[in-house]
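What follows is a pair of complexes built around chain A, which joins chain B in one and chain C in the other.
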Partner chain A sequence: MNLGLSMSFIISGVLILMIATLNLRLGQHSSDLALHEMSKTHIEAVYEMLLFDFQKAGYDIDGAISSPIFLATPDTIAFEANVEADPVLAGNPPIVMWGYTDQMVPGSGNPDHRILQRIVSSNMVIDTPGGSIVTGATTDEVTNIGIGVTRFELQYYTAGSNTPMTFPIAASDMSEIRRIEIFVETQPREGVGMPGGEVRFPASQWRKTIVPPNLDL
Partner chain B sequence: MTAHNGNDMNGYAEVIQVVGAMVIFSIILLSTNRYMLSNTQQQVASEVEMLAVTLGQDLIEEALLRPFDSVTVDGHIPIQMPEEFAAPNFPHTTAGNRSDIASYEGYHGWEEVMDTNLGPYEISAEVHYVTEDDPATPTTIRTRHKRMVVTVTNPSLTNPVRVAYVRTYNHD
Partner chain C sequence: MGRAMLIIVSGVLLSVGITQSGLQDTVLGLSRHSTGYAERTQSSNIAHSALELTIHQMMQDETVCTQDGSLTYALDEGTAIVQFIYCADPADEDDVTYRLRATGTVGDQEQSINVTYQLQELHFLPDFNGAIGIATDDFTFGIDGASASISGNDASMTCEDGPGVAVQSAEGEDKVEGYASQIDGDPAIEVDPALNFDDVTEMIQRLEEQPGAQFLGGNVNEPLGSADNPGVFFVTSSTQLKGGASEGYGILVIRTNGELEMEGELDLGGNFTFNGLVIFENAFSLSAKGTPSINGSMLIGNTNDIGTMDVGISGNVNIQYDCQAIEYAKKASANVNGAGRKYTATSIYE
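On to the complex of A and B.
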C-alpha cells in the first residue's frame, strides 16, 4: 500500500470520528434545549400557584387578618388567607401551607427532585415552631407538586430592612414579616448524558420578592 | 518506474481530496459550533432576562403599596389636585434602604446592585409626571399620573430590561 493511500485512510478515519462526535454533540444540544424548555414550563406552572397564594397572605373578605403568618422557616411557610375569597369562610380563613418535603418524586430519574407541597385547609393545626402538622388536612386539601422542583427557598424581611431575618424566627417576630422572597429551581426528570458518563439536568430558576398587601397594612 | 510514479501521484491525489473534505467539514463544524453557542447564549439570556423582569416588577409592586404622593402619605386627600402634589423633577432619593422610601415618587433616582447566582443586577428607577395624552413622555407639569421606569442591567444582557408602570391618583 502506498503512503498516499495510507494517509488518506487515516485522515478519513479522523474525519469519520469528527462527524460522529458532531452528531453526538448536536443530539445532546437538542436534548439540552428541549429539557430546558420543559424546566421553564414547569417553573411557570409553579410560580403561578405561588403568586396566587402568597399575594393573598393575610387576606379575608372582612379585612386584613392580624398576624396571619405563624410558621416561617427556610423551606416552609404557613399563613392564614381566604385565598378563594369564599364568603362561607369569612372570619374563619383556612391555613395555607407551602413546604418543600423530603419525599422523592416517584418515577423521576433526577435524584434531586422532591415534592413541593401545598395545603389549604381549615382543619389543619400546625405545631409551631416545629412545623409538623398536628391535626391533618384531608387528602383533597393537599396538593403534591412533583413536576421537578429541586430547590425551594424562602427568606423573610421586616418593613425597614433589606437584610433577611435570621432563622429560627421567633413566634413574636412573625407579625413583623412584610416581604417574602421565594426562590424556586426546577429541573427535568431526565438529564442529558455528557462525555464521561455524567448526566446534566438543565435548570430553570425563578426568584421573586412578594409584598403581600395585607401584611403591609 | 513511470507506473510507480503514477501510482504515487494517484495516492497523493486522494490525500488532497480527503484534506479538501476535511477543510469543508471543518467549516461546517465551525458554523455548527457557532449555532450551538448562540443557542446556549439565548438559553442563558432567557434565564437572565426572566429574573431581570421579575426584579423590575418587584420594585414596581413595592412602590405601588406606597402613597401616590408625599402629600398623601398620612392619608391626606389634597383639595387642589394636582396642584398640591410634589413639584415636578423629583429630587433623587437619599434613602439608604428601599423600605425607608415613603412615597411613589420617592423612588426617583433609586439605585441598587443585587447579587444573584446569575451575576450582579443593577437596578435603577425613575419617576416622572406624565399626561393622559402622552403617557410615555415625562412632563414638567403636575398631573394625576406618574410613570415609573425601572431599568435592570446584567453583564449577560445585551440590552437593559426596562419595566414601566403608569400610576393614576384616583381619590375623588
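On to the complex of A and C.
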C-alpha cells in the first residue's frame, strides 16, 4: 500500500476523531449553556418583577406612606405601595406581598422548585407577625411564579448599618428598615445528564440590595 | 489522492469555522446582555442627575417650572428629559406641590422616574411647641405679679395644645411647680429630656451671619417687622421699646454681649405684642410696665457657663403659645436666609 495514502488516512482519521470529540463536548457545553441561559432568563423575569415592586415600597401618589412594611421574615415581605400609581387608590394603597411557598411546581423535573408568590391586593388582611393571611386576595390578585425558583431569601437593614437585622423583627422595628437584600436562585426544569447517571441543574443566582427611596422620605 | 485530501481538509476547515462562529454568537449575546444592564443603570443615574439639576434651577427661579414644559440635558453620553407634570399655582399659597418626570436614555435603554415635591420655606427653627421652654437645669424661676400669665394652649386653635412651661428634668420641674396656678397648658409643666439648646444656638449663629438680621439697642420707636415681612432682631445691650414699637413679627433674640459678657435686657413698655419666637440666650431679664404679650413661643437656655440664670417674669406679661405666630418666625428665618426655598421629595416612583 502506498505509504503516503496510508498516512493521509491516519491523519484524516485522527482529525475526524478530534472534531467528533470537540463537537460532542461543544454539544454538552451548549446544552449546559442553553439550560443556564434558560435559568438566567427566568431569573431576569423574576428580578424585573421584584425590582418593580420593591423599589415602590411605601410609594403613594400624594406622598410616601409612613411605616409601610408590616411583615418582614427571611422569605416573606408585605408592604403598602401604590405600585401602579393608580389615582383611584391614592390614599388607600394596596398591600404587596412576596413570599416563597412550600408548593411544588407542577410538571417540573426539578425537585427543588417551589412557587414564589406575589400578591397585590386591597382586600387582603394579614395577621402579623405570623404572616398568615386572614382575608384572602382574589385569584386575579395572586401571581404564582413557577419558573424555577429554588431559593428566595431576604435580609433587612437599618439606615447606616451593614449588619442585617436579626429575626424575628419586632413590629416596632419595621419602620427602621431602609434597605432590603434579595437573593434569588433559579434552576431549569430539566437537568443535564452526567456520567454515572447524576443529573445536574445549572443554577443562576441574583443578589441585590434595594433601597426603596420612599422608605427614607 | 491529492484531491481527496483537499476535500477532507476543506470539510474540516468548514466544520471548525461553523463551530467558531457559534461560539462567537454566544459571546456576543453575553456582551449584549451586560451592555444592556449597564446602559439601563446609567440611564437611571442620568435621570436622577437631571432631576437634581432641575431642582437646583427651580431654587434659583421658581418660574422654571411651567405646566407641561420640559428641560433637556445631555449627560454622560446620554440624554435626560425632565417634564413638568404639575407646577404649584403661585397665586394659591396652599398649593405647594410639584410633580416632575425625568426620563434618562442611554443607547436603547430608557428609565423614567416620577417625583412629587413639596415646596417649603427654608428655616432653621427648632422643633418646640409650647409657651416657654427652659433648656437648662441651672436656673431659678419666679412670676412676680398676679396678672402675669403663661399658656401652652394653642391660641389659633389649629394645632395641638403644648406645655405651658417645658423643662429638662424633674429638678427643673420642682422650681416651676410653685407657680403652676399661673400656668396653663397640656400639661401646664412638662419634663422633656429632649429639650436641647444646641439646635437653638446653631440657628442663632446662622441667623446672626445673615445680612437681613437687625441688631437693636437703645430706644426703639418703630415696629419690629410686619406680618408680611417679619424680621430677625438681636438685642445685645439695654434696649427700650417705645410707643412706636407697638408690635413685632418674627424672631427676637435677647443675648449676652459677646465681649462684655453682660446680660442683655429687654424693657417692655405699653402694650407691645411680639408674634413669633423669642429666645433668651445666656440672659433673662424681662420686666414689663404695661401689658406686653408674646404670641408664639419663648426659649431660654445658655451656651456657656454663666452661672445660674434667673428667669423672672414681672408685671402683666402674657406669654401665649400660638402655632400660627410661629409661622412668622419661620418666614423671618427664610427671609434672612436669602434662598429661603427648598423642595422636599414626598414620593418617588421609580
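The rule is simple: the second predicted complex is superposed on the first by the 190 of 217 C-alpha atoms of A that agree within 3 Å, B and C clash if a C-alpha of one lies under 4 Å from a C-alpha of the other, contacts with A are read in each partner's own complex, and residues count from 1 in each chain.
Definition applied: contacts are C-beta pairs under 8 Å (C-beta built on N, C-alpha and C of every residue); 3 or more make two chains touch, one makes a residue touch a chain.
These numbers come from a predicted model, not from an experiment.
By the touch criterion defined above, A:L24 reaches neither chain B nor chain C.
More residues of chain A lie in contact with B than with the other chain of the pair chain B and chain C.
Judged by the touch definition given at the top, the superposed model places A:W206 against chain B, while chain C stays out of reach. Contact with neither chain B nor chain C is seen for A:V88 once the two complexes are overlaid on the shared chain.
Of the two partner chains, chain B and chain C are each touched by A:S8. Look at A:L33: by the touch rule set out above, it reaches both chain B and chain C. Of the two partner chains, chain B is the only one that A:N162 touches; chain C does not reach it. Residues 2, 4-5, 8, 12, 15, 19, 22, 26, 33, 213 of chain A are contacted both by chain B in one complex and by chain C in the other. Touching chain C in their complex are the following residues of chain A: 2, 4-5, 8, 12, 15-16, 19, 22-23, 26, 30, 33, 55-56, 59-64, 85, 213-214, 217.
On the chain C side of its complex with chain A, the touching residues are 1, 4-5, 8, 12, 15-16, 19, 22-23, 26, 114, 116, 118, 345-350.
Within the complex formed with chain B, the chain A residues making contact are 2-5, 7-8, 11-12, 14-15, 18-19, 22, 25-26, 29, 32-33, 36, 40, 157-162, 178-179, 202, 204-211, 213, 216.
Interface residues of chain B facing chain A in the complex, by the touch rule stated above, are 7-8, 10-15, 17-19, 21-22, 25, 29, 32, 36, 39-40, 43, 46-47, 50-51, 54, 57-58, 61-62, 65, 97-100, 116-118.
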